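Two complexes come next, and they have one chain in common, subunit A, joined by subunit B in the first and subunit C in the second.
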Partner chain A sequence: MDIVKILIDAGRAAIGVPAAAYALSSIGLNLQFGYTGLLNFGHVAFMLVGAYGMAITVDLGGSIWLGVPVGILAAVILGLILGFPTLRLRADYLAIVTIAAGEILRLAVRSSWAAPLTKGIFGIQRFADEFFDLNPIPVGLYGIGRFRFDERTVWVLLLGWSLVALATVFLWKLTRSPWGRAMRAIREDEDAALSLGKNVFGYKLQSLMIGGAIGALAGMFLAIDQQNVNPDAYIPLLTFYAFTIVILGGPGTLFGPIVGSVIFWFLFEFLDGVMTALIVEMDIGFLDALDATDVGPIRFALFGAGLMWLMIYRPQGLFGSKEEMLIDAR
Partner chain B sequence: MASQRVRTVLAITLLLVVASPLAALAEGETLRGELEKIDGDERTPVAGVTIEAELDGSPVGSAESNADGEWEIPIPGAGTYLVRLVVDTLPEGVALTDPTKFELPNVNVREGQNKTVRFNLGPGLVSGVGTWTRVSSLFVVGLKFGAIIALASIGLSLIFGVTGLVNFAHGDLVTLGAVIAFWFNAAGGGPAWHILIAAVPAVLLVAAFGGAQEHWLWRPLRNRGTGLVPMIVVSIGLSFVIRYLILVVFSGLPRPYRDYAIQNDIQILGITTVPKNLAIIGFTAVVLLAVGLFLIHTRLGTAMRAVADNSDLAESSGIDVQRVIRVTWIVGAGLAGLGGVMFGISEQVQWDMGFKLLLLIFAAVVLGGLGTAFGAMLGGFIVGVAVEMSTLWIAVEFKTAVALGILIAMLLIRPQGLLGVKERIG
Partner chain C sequence: MLDKHPTLANVAPEPGVGKPNPILEADGLKRFFGGLHAVDLEHLEVERGTITSLIGPNGAGKTTLFNLLTGFDRPDAGEWHLNGGPLVGIPSFRIARSGMVRTFQLTRSLARLTVMENMMVATKDHVGESFWGALFGRWRHIEAANEKIALASLERFGLDHMKDEYAGSLSGGQRKLLEMARALMVAPDVIMLDEPMAGVNPALTQSLLHHITNLRDDGKTVIFIEHDMDVVQEISDWVVVMAQGKLIAEGPPEHIASNATVIDAYLGRHHGEVP
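Then we have the complex of A and B:
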């Protein structure tokens, strides 16, 4: 087992594209879950409509710069459709409707009915050339030793972490505004906020739509990096990556999603490396029944156990204080 | 163990995790064929027949034969596909020469290949497929599907009723039941019992698992005063643990039980269907009736409904609420496990079958009224029939979307559900 290599790979993941993408995605979810207390179990649906909104726009001959607002608009509309029937009801109804919507949107873009637009199971490729043509970074490898990225990755990472920074500043402004205070009031005690004349339903709907739009941006960013959108990438698991990240970093904290994402992807890659080494390379008796293809599922099962553990023992995140953690109001 | 499905999951994960340019797609693989009715020397093309292709249990596409009887389905790549002719769409007077060969499970496609798939059609023995036959057989399939949903829904609804928890891991109890029965029925090292006998330990073990969950997880959490939102997140974490452990043990390959896997259509009262559908409907009806009688006429059942209605009031009138909750978990999980066995008999056993069913279970429970057992039964049947019958008008791929439509419409019109009591649920 080459522990140095595993650590380096994990370190690359911790500041790499997935970490940036999920930091952004989790900032959106953090607004919904951490600041407002909304159980959006279909965050992946927002990522999907964002990515497909952009990819389809380019595929139909539009510019990628037109595709971005199209994707955001699609996410806002989705938030409206999902939030309107559910946000007047108890928290679990939103969870039920959003998790169903995520799965059904995936099936819809995959279907032969939608294939003229979405290209069905094949997905859409090479829609971000415009973005990569702008890359000013000279060809080469940047970094130290084995910890290096090529010019394409550096360009993508620059975009990703800039978006994360922008979204964080936006959220900082937003949550310090009267709007943000109303939002937290709703999370802590909805009835109190209501009795002060706040339009609770309206605030929740806005939070769902804004958080969804940030999720859509994350979806677009991932799609740009891969130059590919494919329905089978948008599995429900992605939503819960974001949930785990939000809880790891501390729900309702400004830098929580960033910290959470870095830790999450480090652990995720690290576990993967260690498990692959244990199962494939080493000869350990009771692990003989497993092979390399089992690494993925076992990692997902561990991930589920980790989510449970966090929610039970550290719902305020790894660094947060329990007193400030009040999302279990209802 | 190295199965296609696992690889698919891995591939998806890799795609997302590794920031590498996409591997070149090998483009151009298709499944194709020509449908001809052969009657002696006479050959006539058959138009308007739907052909579906699946890879590892998930649909990859469908096509309709054109005026020349030709059809073609583009597929994502090389692999072993299942190709199915949708018998309901055959025109009047045309039938498969061998009615069991409507599904070809092992169609191997090599890289870049345009694979020709053949279905042998002849003159219909049964007087073709008219509207009535299609409607009635879809109705029966819908009832069967509804029965399975109803079995799985009662537990979710009752557990919600007595504890307030929407259990997102409930679908995985369905899978667990199906998979345990598979081990007793058809697994390599298992005892190879008949599926009806194998169902017994499956149901008991899932029921025990439900009780254990309540004892070691949910009750301690309630005692700590954990809120609703964290509990729901815990349940979804648990669902990942169960589902992916099942994937490791069972592998991603969908497999049928040894019994009742393939059956020929029969005709009863003018309805064409496979016998197992009728058996599932009949058996489930008996089980649901028994559950209903239990809830209405026994002390425990009454206590259950009392706790679901108002837990504090029930406790103050001397009902042992903790015991009632434990029994609810055991009964609810057992019923979900039974639903899983029925689902496995009806189709195949697959690692994520329960999770796919979960969306329909939610629709059924919300439609009937969260917290009510009878509402869950009613909702299950309505959702099952609506989802199957919808394929008369819309593409098969969208039938799950019908359930979501029902769910959203219900929340807008009557959020307490058909049998729920109106109260402030906002």
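Then we have the complex of A and C:
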């Protein structure tokens, strides 16, 4: 087992494209879940409408720079549609409706009647050429030793982590303002916030739309990197990755989603490397029954166990304060 | 006459009686839960600048009436006015902003906000509380001004030393005080307290009574639900009695204590007639 290689691969994953994309996506989810207390189980739907909004715009002959605001607008409208009927009701209704909406949207863009626009199961490709044409970085590999990225990846990573930085500054401004304080008041007790004259419904709708728009940006970023949107990529698992990251980092903390995403993708790749090595390369008796295809499922089982462990022993995540968690909200 | 509030001195103690200067008026307010008439009110006026207690046996509809008046529940019929402005169909948060703020029977502190944040979140018409205002507005001077008001209020309620603690770490009594102080940050004309003295030790009851009297002396109108008749007798200017959703009596406290209808409502019609 080449532990150095495994560590380097894990390190690359920790700052790689998925880490940046999920940091961004989780920043949006954190506004909804961590600051406002909304259970949005369909975050992937916002990523989907963002990516498809952009890809379809380009496919119809528009510029990618028009596609980005189209994707954001699509997410804001989705937030309105999902939030309007559900946000006056108990929190569980939003959870049910959002998880269903994610699946409905995935199946809808996949269906043959939507194919003229979405290209059905084949998806849309090569819509981000405009972005890659702008790449000023000379051809080559950048980094140290095996810890290297090519010029294309560096360009994408620059975009991704810049978006993460911008979104963090944006959230920092918002959450430290009286607006953010009202959001947290709603998270703690909606009726109390109502009794103090806060428009709880309006705030929750804003949170859903803004968090969704950030999720849409993450979806667009992932699609740009892959030059591909495909309905089968937008499965509910993406939402649960984002939830794991938010909880790992600490809900309601500014840097939680970023740290959570870096750690998540480091562990993701690290576990993959270690288990593949154990199962495939080494001859360990009781692991004989397993082969390389079992690595993925085992990794998910370990993640599930890890998430349970976190919820029991460190529900405030890595960044949250212990003191805050000791206060039982209700 | 030992009346505590001069403007009510000449008001007849009859259910639904008109008052000289009412701040709150309700007409034909009804709320049914299935076949149950939870609230079925013909007419009620609350005099400005008084302490009015709302009493009645369990299930009389007191909290339901509070919920209706503050927009937390919708009546099946009827209308009501605050300062002459109609409140039918107005959402609860707007009713709070228009000058009528309530507290809850079970205290609702915003546990993971600090005591100071609990106070600050209650201020109204704050440009920093809108999305665009938060990003681009100039709200720091508003915050500074509000913080002074909040601190003065916390001092008055004896909570200033706790201002940076999480509200969730306060004791039950402190939470009651915080909830009252927080409601005042909305700058209401009417403050409605749902059983503020429930589950509170005698020393704190005295302190709460003192604060409630102060509110009245500051020109606020206080309406509060209470079960303890001693408390009601001590501080009320006017008492309103409900039973089975209806207004059965109202008047000055000393009148209510001897009112046969009220005693019947609490104890049943055939309670021990002394032989």
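One rule holds in what follows: the second predicted complex is superposed on the first by the 323 of 330 C-alpha atoms of A that agree within 3 Å, B and C clash if a C-alpha of one lies under 4 Å from a C-alpha of the other, contacts with A are read in each partner's own complex, and residues count from 1 in each chain.
The working rule: a contact is a pair of C-beta atoms (placed from the backbone, for glycine too) under 8 Å apart; a residue touches a chain by one contact, two chains touch by 3 or more.
Every value quoted in this text rests on a predicted model; they were computed, and no experiment measured them.
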Partner chain(s) touched by A:Asp191 [first = subunit B, second = subunit C, both, neither]: second
Which of subunit B and subunit C A:Leu174 touches, first, second, both or neither: second
Partner chain(s) touched by A:Asp291 [first = subunit B, second = subunit C, both, neither]: first
Contact breadth on subunit A, by residue count: subunit C or subunit B: B
Subunit B versus subunit C as contact partner of A:Phe300, first or second or both or neither: first
First (subunit B), second (subunit C), both or neither touched by A:Asn199: second
Partner chain in contact with A:Ser26 - subunit B first, subunit C second, else both or neither: neither
First (subunit B), second (subunit C), both or neither touched by A:Leu39: first
Which of subunit B and subunit C A:Ile99 touches, first, second, both or neither: first
Contact residues of subunit A, present in both the subunit B and the subunit C interface: 327-330
Residues of subunit B touching subunit A in the complex: 1-3, 6-10, 12-13, 15-17, 19, 21-22, 25, 27, 60-63, 74-76, 166, 168, 221, 226-230, 232-234, 236-241, 243-245, 247-248, 355-356, 359, 362-363, 366, 395, 397-398, 400-401, 403-404, 407-408, 411-412, 415, 425-426
Subunit A - residues contacting subunit C, complex: 173-174, 177-182, 184-185, 187-189, 191-200, 206, 210, 323-324, 327-330
Of subunit A, residues touching subunit B in the complex: 13, 16-18, 37, 39, 41, 84-86, 88-93, 95-97, 99-101, 103-104, 107-108, 110-113, 120-122, 125, 153, 156, 222, 225-228, 230, 232-233, 235-238, 240, 243, 247, 268-269, 289-298, 300-301, 303-308, 311-312, 315, 327-330
Complex contact set, residues of subunit C against subunit A: 70, 72, 91-94, 96-97, 101-104, 108-113, 117, 120-122, 124, 126, 128-131, 133-135, 139, 143, 166, 168-169, 182-183, 185-186
